[in-house]
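Sharing a structure, written as structure tokens. Questions coming.
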Amino acid sequence: MDDERYRRGLEKFREVDGKGGEKAVEYLKDIVPEIGRYLAEYPFGDIYSRPGLDIRTRELAAIAALTAMGGCDPQLRVHIHAALNHGASRQEVIEVILQMTVYAGFPKALNALYTAKEIFIKRDSNGKG
Amino acid sequence: MDDERYRRGLEKFREVDGKGGEKAVEYLKDIVPEIGRYLAEYPFGDIYSRPGLDIRTRELAAIAALTAMGGCDPQLRVHIHAALNHGASRQEVIEVILQMTVYAGFPKALNALYTAKEIFIKRDSNGKG
Amino acid sequence: MDDERYRRGLEKFREVDGKGGEKAVEYLKDIVPEIGRYLAEYPFGDIYSRPGLDIRTRELAAIAALTAMGGCDPQLRVHIHAALNHGASRQEVIEVILQMTVYAGFPKALNALYTAKEIFIKRDSNGKG
Amino acid sequence: MDDERYRRGLEKFREVDGKGGEKAVEYLKDIVPEIGRYLAEYPFGDIYSRPGLDIRTRELAAIAALTAMGGCDPQLRVHIHAALNHGASRQEVIEVILQMTVYAGFPKALNALYTAKEIFIKRDSNGKG
Amino acid sequence: MDDERYRRGLEKFREVDGKGGEKAVEYLKDIVPEIGRYLAEYPFGDIYSRPGLDIRTRELAAIAALTAMGGCDPQLRVHIHAALNHGASRQEVIEVILQMTVYAGFPKALNALYTAKEIFIKRDSNGKG
Amino acid sequence: MDDERYRRGLEKFREVDGKGGEKAVEYLKDIVPEIGRYLAEYPFGDIYSRPGLDIRTRELAAIAALTAMGGCDPQLRVHIHAALNHGASRQEVIEVILQMTVYAGFPKALNALYTAKEIFIKRDSNGKG
């Protein structure tokens, strides 16, 4: 096992995905014991740690893709939180989803805006930006 | 017709989509005469002109979405050019597509990387960055 | 702002999308104040108002697309209502969804049929056809 | 084998899908000998023969779904021909695809409009409407 | 009506889809009276009865496709049960879904793993493997 | 770098993806130098090497998913070869794609059958099964 990359990835995974990521690993580890390692190593230890793109832009790109794909609401929620925790404003999150009306159509974008509003309300109640 | 917004949108459409956008309008205008106005007004006059997100980030988000959706290669090409013409580096374009291996799987991301390389080769032969 | 087209679009938006559309605008307007204008102008002021295709056929086509795309249940509901309010029979709505077993597979079509039945039950309880 | 339904379906399959359908069956019959029967029986003998929706509307709905799904260009071509051969005008075909800019985004709709124009050019050269 | 194939298909439909399939037919038969026949004849009477592929592999392939498509959770549930009832182990079900992290991305695969775990818990409470 | 897992993954990558995989890596390595390592480590070193599912079933599941997703023809080709090289018969490949007429609709399945036939013809000319 590649301890250095696992540690770097685990740190990045916790930093970016926060509680949403931890819950996913906790829930699934009895059926896929390696799931925490898999998530930490490739997505975060390899990809998210690459220096060529900042986390804020990575998160906004993730939101765009998840909106356009549809059907990935749990992950969209995690990444809206992650974007807001890493330098993106609520306005920027709204903008990137709204832009998806052009690329993926109004239905998928509207559904993602509903999710975004719920996240904002939740963060308001927790005193977060 | 809303001349102010049409002019603003048309200017932004030409600035962002460049020749790819013009060709699309030219090709389709005999079957949809309004297509130039439609593209200029909502996507560009309304959405792209909104101040809350910079063009570079908008273009990288578009590339992410088009990669994740798949099957939109002509538009992916237009937006890779647009990103490179608006402050994104080739490395940033590569990064956002590569990140889609995590969100949309390796097949869609690899296909978009093939397209990106073709665009880079084309821009090299035209002396562009 | 193009008042004529906005007014025409708003009227068409209310006529076609009814309460479902109004609720969407109400819910989202604090995060996207322009959402009502965006929905009224391009989708309805421009596209739905075009004379080349009747509303009944437009709505049945929308139902087909939303069924085939999947993951857009809120909009499917709005458009089943819209189709029934604009000259399509329940049988025609069932037919177009059932036809999607051929184009998009049984899973997506079955899921849309479940939604259609719920809408029919709701309309029965409201004394609507 | 259900000869009555097979004969009815085969007749409808030839009527609706024309040469495109025949070519598909010819090409595939050495690897799936039953493909002609499968296409004749369920899609056409069962679904397309159902009386509750006219062929013109069925074909326009098919075009909408194939546009929204993307990646099904061969079938989109067959069904544009089928629509035009069954009471839909070129304008109606354009309208239903253009409407998909709202439901599935501009990229998929534009790609389908490119295909539609090619079909129109081909039909012009064959003296068809 | 093709009684032999209907009977064979109905038997296979009940054997494979079990209660999930019956419930679907029961719920939908008042709006689509033929739905039981449609499901029995083509998917099961024709396709699933073909000898060239065993049921276990067919079910694992169905799980892979439903995971990759997303948005088809009711059917994914039916087919996880079907796989487990036809010679696939829980580990094999987990493996095929986990493999979809590579083909369709982590979001869709994680969502399908959540569903798989729920099915396992339900089967545990019913004393099933 | 985790040399043991990289070596195991690289070996499995070459064994399974064969020339198609090598070409992808060769083509992309000047824009993503790590692409060979990424493909070797997670998809093959981690996932494909897991003992809980045999390669033949993994490949048939991959073909099912790629058929249902659409738009991933290069990868579908690689995995049809991989399936045939790892214990799946041509009939089994045909069966799993044909089954996708039920799950993802006839268009996507037909397009994948066209690809399968091309691969069979190519393998015939190379004297392969």
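Per-chain numbering from 1; labels A, B, C, D, E and F assigned in written order.
As a working rule, a residue touches a chain if its C-beta (ideal position, glycine included) is under 8 Å from a C-beta of that chain, and two chains touch if they have at least 3 such contacts.
Since the model is a prediction, treat every value here as computed from it, not as a measurement.
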**Request:** Name, by label, each chain that touches both members of the pair chain A and chain C.
**Result:** B, D, E, F
**Joint neighbours of chain F and chain E, given as chain labels** = A, B, C, D
**Asked** Pick from D-F, E-F or C-D: which interface has over half of its contact pairs in common with A-C?
**Response** D-F
**Item:** Interface residue identity across copies chain A, chain B - same or different by half
**Value:** same
**Prompt:** What angle of turn lays chain C on top of chain D when you fit their CA atoms, given in steps of 5 degrees?
**Reply:** 180
**Request:** Decide which interface, A-E or B-E, involves more C-beta pairs in contact, and give its chain pair.
**Result:** A-E
**Item:** Chain centre separation (chain A, chain F; CA means) in Å
**Value:** 29
**Complete:** For the pair chain A and chain D, the C-alpha centroid-to-centroid distance in angstrom is 40
**Prompt:** When the C-alpha atoms of chain B and chain D are each averaged to a single point, how far apart are the two points in Å?
**Reply:** 30
**Message:** Where in chain C do residues touch at least two different other chains?
**Reply:** 38, 42-43, 66, 68-71, 75, 94, 98, 100-104, 106-107
**Message:** Which category does the touching pattern between chains fall into here: line, ring, star, complete, or other?
**Reply:** complete
**Message:** Give the list of chain F residues in touch with chain A in this complex.
**Reply:** 1-2, 5, 34, 38, 41-42, 46
**Request:** Show which residues of chain A lie in contact with chain B when the two form their complex.
**Result:** 42-43, 47-48, 50, 52-53, 57-58, 60-69, 75, 89, 91-92, 94-96, 98-104
**Prompt:** Which bits of chain A are touching chain C when the two form their complex?
**Reply:** 70-71, 90, 94, 98, 101, 106-108, 110-111, 113-114, 116-117, 120
**Prompt:** What residues of chain D sit close enough to touch chain F in their complex?
**Reply:** 24, 27-28, 30-32, 35, 38-39, 43, 66, 69-72, 74-75
**Prompt:** So in the complex, which bits of chain D are touching chain A?
**Reply:** 68, 100-107
